[in-house]
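Labels for the chains are A, B, C and D, by order of writing; each one numbers its residues from 1.
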Amino acid sequence: MISISVIGYGYWGPNLARCVTEAAKCDLACISDRSPACLAKASKRHPSALLYEDWHDALSNPKIDAVIVATPVDLHFEIALAALKAGKHVLLEKPLAATSAEAAILIEEAAKRNLVLMVDHTFVYTPAVRKIRELIANGTIGDIYYYDSTRINLGLFQRDVNVIWDLAVHDLAILDYLFEAKPLAVSASSAGHIRGSQENMAHISLFFPGGINAHLNVNWLAPVKIRQTLIAGSKRMIVYDDLEPSEKVKIYDRGVSLDSGAEQKHKLRVSYRIGDMWAPQLSVKEALLTAIEHFVATILSNSVPITSGVSGLRVVEILECAVRSFKQRGTPIEINPLRRAS
Amino acid sequence: MISISVIGYGYWGPNLARCVTEAAKCDLACISDRSPACLAKASKRHPSALLYEDWHDALSNPKIDAVIVATPVDLHFEIALAALKAGKHVLLEKPLAATSAEAAILIEEAAKRNLVLMVDHTFVYTPAVRKIRELIANGTIGDIYYYDSTRINLGLFQRDVNVIWDLAVHDLAILDYLFEAKPLAVSASSAGHIRGSQENMAHISLFFPGGINAHLNVNWLAPVKIRQTLIAGSKRMIVYDDLEPSEKVKIYDRGVSLDSGAEQKHKLRVSYRIGDMWAPQLSVKEALLTAIEHFVATILSNSVPITSGVSGLRVVEILECAVRSFKQRGTPIEINPLRRAS
Amino acid sequence: MISISVIGYGYWGPNLARCVTEAAKCDLACISDRSPACLAKASKRHPSALLYEDWHDALSNPKIDAVIVATPVDLHFEIALAALKAGKHVLLEKPLAATSAEAAILIEEAAKRNLVLMVDHTFVYTPAVRKIRELIANGTIGDIYYYDSTRINLGLFQRDVNVIWDLAVHDLAILDYLFEAKPLAVSASSAGHIRGSQENMAHISLFFPGGINAHLNVNWLAPVKIRQTLIAGSKRMIVYDDLEPSEKVKIYDRGVSLDSGAEQKHKLRVSYRIGDMWAPQLSVKEALLTAIEHFVATILSNSVPITSGVSGLRVVEILECAVRSFKQRGTPIEINPLRRAS
Amino acid sequence: MISISVIGYGYWGPNLARCVTEAAKCDLACISDRSPACLAKASKRHPSALLYEDWHDALSNPKIDAVIVATPVDLHFEIALAALKAGKHVLLEKPLAATSAEAAILIEEAAKRNLVLMVDHTFVYTPAVRKIRELIANGTIGDIYYYDSTRINLGLFQRDVNVIWDLAVHDLAILDYLFEAKPLAVSASSAGHIRGSQENMAHISLFFPGGINAHLNVNWLAPVKIRQTLIAGSKRMIVYDDLEPSEKVKIYDRGVSLDSGAEQKHKLRVSYRIGDMWAPQLSVKEALLTAIEHFVATILSNSVPITSGVSGLRVVEILECAVRSFKQRGTPIEINPLRRAS
């Protein structure tokens, strides 16, 4: 039985605390938040949990095995490093850290102490994304051509992060999980339309080896909410719409075929192929619960989580490169393969 | 009564010929196509039109006042220049020409001879786009923030042009019509997934003065057809969906408002504003017919068409810059204001 | 401050209890359920509420002012009657009672004791239905023509009630609220496709004075979920789609116009009128909370609730007549105006 | 080569004439219409066809093998009877005739003369409906439970027929094709909201042997266009949406399962089964062309068309019974099996 402390009980912490109580093989030992009002709410819902205003108290409690950190991202590094040094396993909300340098230090510290370091890339634990990975792995899609995602809405403008740190991080996490290849370079553009606010809109192009490419359209200032991703391959194409109540993943048996005969030297023929569409039934298990159970399982089996610190670092690196690119109006930024390998 | 010759009776020519017969103050005098099979079809539908295999014959016919050119784009320049030199007014299918240099020569020639040179940017003549322009002009939208368009489908791969010359040209024409400001720079990425074919997918970011931006997502290799454009302003936002049978233009009374008081020095408050949605009834008049009537009207009144040669040139220049950018993975390309002014 | 007891803490009771704690001017004094497991859950969420396995204990507690009954419908009568006799105000889940005879007795008892008797016709308290009533009342729709509703899904088959007692009750409650006129007769058909289960599918036609008509399509065995109601009038038409996340109510400026001139004696001309569509922004306040606040307000002001016992009786009477009709394959059943008036 | 005359060149005749020219093994010999304006249009499009103002001339032309009748329905009987007596095969637009008595006489006459009598139940020839029949025939759907169709729009009010003769006829034709069982009784309600016009809205319930049922919702006065049919069976369910551009037929692997064990004597358990959804690719061949080719093939092979006179009679009989029922507010009308068998 793994004893867990949730640190940060604001917007997302209550969901984490609830899932810890629902997950097997763990219990919610304590909750920490510097706001007494948040702690009061926590007390009402989780009367048996210990409550701390200072998260250091959670770390010094020897009964705690692991912490889940749901604070603003600028506190991730300090809390996670202290937790690891106190011998606790750590699960951090996305993104892993505010900089790739911080992420790298956390990875090193966790490795040194043989502790689990995991980032909550929640979408990786959704039945939809897992089904897509399976469809890629078993050859249903064929060779991957592209990933093209639109993730827009009239959103919560955040004071401390821009739209790509808030929304594009989801697609980068999904890409890191779905594609074996990692991007070589990124070109991004962005705009901030509200004076005094961070960028609220961005378009990010990622260039992968072998001509695979990805594009992310993220926007906090859109009149309608869209969560739609196209994934095309040589055999079939997927439309993944996260707002669909039941048919979130549709597989289209569509594509092009190439006819080039001797008599067509000068005229390459590209024709369509249009076949059936198919929407597999998906589990309705909550992704966050799956993520927490995975965290507990990796602690118990001393193994590496799917969304490990290293995958969290890869995502943070791309976010940093994308910001560098959009500050130069799309100038492509190479994603350093050496640093990534380390 | 303006006597018109349609040159090129392949994919699009039949629509042009039909609209010429339906439009007021003009008649379809002749049709030219080098394919006897195409001419045979033309003869069946337009038994009274003269038929020429060689377009030069149409130009040397003194009864012809104007030509409409619907050939592959690489023939636009030669035919249009000869037509202007023969004293004919010219309407060219989009894009105006294969290069901006050619476009500039056509503009000069038409100006010298006081002839109408028009490009068929058809979307500019749709009731939907005209309504949007009206909503911008009368202040309904407020200050423009952005234009973000998705124009994808499983499309006809074309041998001689890539996807941006085929699809992005529509959005560039719409932008040229809607926005007074012209873009300063472009960053584009693209991919060609079918060996031996041109680029079938591209993302184009346009940077306008004053922080306005535009983004175009064009794709010939998508499992579903989407024609959706978001246009956001400081007061309201538009969703323009060309596939909607009746509510093509929806206006959302949505946005953000900014509260910054003395007590909030460190905390800028951005809150949503969500109001009604409204879909104006649109005319159902065919855009192509409107375009041809406009062509005839500008000939008769000796005036400049909305989609003049100069607007056609601006669009071609951006296409050229976008290609240069996507060959360098998004490196931004400045759109030369001096050349544009000439 | 009104002290409330929730009786029945199964499927719907927890929502009622939560809303009582959120509503102003009342408090959740106790919860009653015969299942210890349900009471254990109740205790976790509402630690300060008294818990009773026997609902009689709630009625004998003199501090309780009012009860909200969320038990199976066959217990409504017994509990509500006892509660009224104990001097408690009563809010019952829909439908008011299992028979119109029972409903009439409850109305009489409440009137005699000057207590509030209310039925939770929840949809009447939704922002969408209230907006529709406003649009009818202010003349936007013109003279009402019809109400046509589809309320289908793959639903919970219920042991003790058929689909019309479960789903059609919603539309009958909405109709009772929207239309001043009450139906004169009903014709219904139904089918039960699962051996041993009650009817899972029904179509109900209601005939109102003046040629107004209504139709309800309810179904527990449908592959997709639909919640769509059309309301047409002489001036405009409404589409109310309860599954739309934001534009639940759309008003179409559409209809027909009649031209009959002297020269058209034999040929009546009916032509369309197609104008704008408009979706008003709706409040997002939870309907159940509004209902409970209305219950408390009518107690405090000693007034009659919108969804009074009498409206509950009217709905139950129509349900009874519809069942009689579908047992005779649609034979129309007159809805007794005398009994209704009593 | 079958020589065909089209009689009636108003709204639908031009489509029939065009399809006759496209179909194999037949030619468009003549066109007849009493309006000179319509004949002038016909002449332009079909310069080689003979043109008659009087349809008797078409019948007396010995070169004509068959006629296709697209006049108002009240002329069907007179023209078809004369055509059969003149030895011509006959294809009539839906509905077959204005009364079942007329339909029966036509059937008898055709049988006596060994001529083909066919009704153009066009939907029977659509790829979608044919696919649905195949899915029923091969057991994919299991035992049929119900057919529930919504066919509404803001429609052309017709002077001479009501909405069920205009719209419900389509569903009755589809039902006649899909289901082996024929309906025993019908209950219908209707309303006419426009003074001086026929009924513009109707709901029709059909009762089949074995508890199968069907319901048709038809409406000319609806703000939106819907063409949606649900077909449920014991194994799977179909949603057929004729307005979907490509996925018109969706098959849902959904339903209920029944668990009844010894320990559940008093509690029948009905639980859902939710599986994949699948949309088969459909042919895009025009239904009208398929229908005409079928007409020609049955003439050449001396066989009975799918949509024979007898199927046309069955549909007309149900229409007549539905009208009788809606005049009595839903009173069920038995569909006479003896007359049907004759």
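Just so it is clear, contacts are C-beta pairs under 8 Å (C-beta built on N, C-alpha and C of every residue); 3 or more make two chains touch, one makes a residue touch a chain.
Quantities reported herein were computed from a predicted structural model and do not represent experimental measurements.
*Asks:* Which chain has its C-alpha centroid at the greatest distance from the C-alpha centroid of chain D?
*Replies:* Of all the other chains, the one whose centre lies farthest from chain D is A.
*Asks:* Determine whether chain C and chain D, two copies of the same sequence, contact each other through the same residue numbers or different ones, counting it as same when over half of the numbers at the interface appear on both sides.
*Replies:* same
*Asks:* Report the inter-chain centroid distance for chain A and chain C in whole angstrom, where each centroid is the mean of the CA atoms.
*Replies:* 43
*Asks:* If you average the Cα atoms of chain C and of chain D to get two centres, how far apart are those centres in Å?
*Replies:* For chain C versus chain D, the centre distance works out to 39 Å.
*Asks:* If you average the Cα atoms of chain B and of chain C to get two centres, how far apart are those centres in Å?
*Replies:* Going by mean C-alpha positions, chain B sits 53 Å from chain C.
*Asks:* Which residue numbers or ranges of chain A touch two or more of the other chains?
*Replies:* 274
*Asks:* Across the complex, what residues on chain D touch chain C?
*Replies:* 145-146, 148, 150, 152, 154, 157, 159, 185, 187-189, 191-197, 201, 203, 205, 207, 211, 213, 215, 217, 219, 221-224, 230, 232, 234, 237-239, 250, 252, 254-256, 258, 260, 267-268, 270, 272, 274, 325, 328-332
*Asks:* Inside the complex, what are the residues of chain B that reach chain C?
*Replies:* It is residues 246-247, 253, 274-281 of chain B that touch chain C.
*Asks:* Which residues of chain C touch chain A in the complex?
*Replies:* 47, 225, 245
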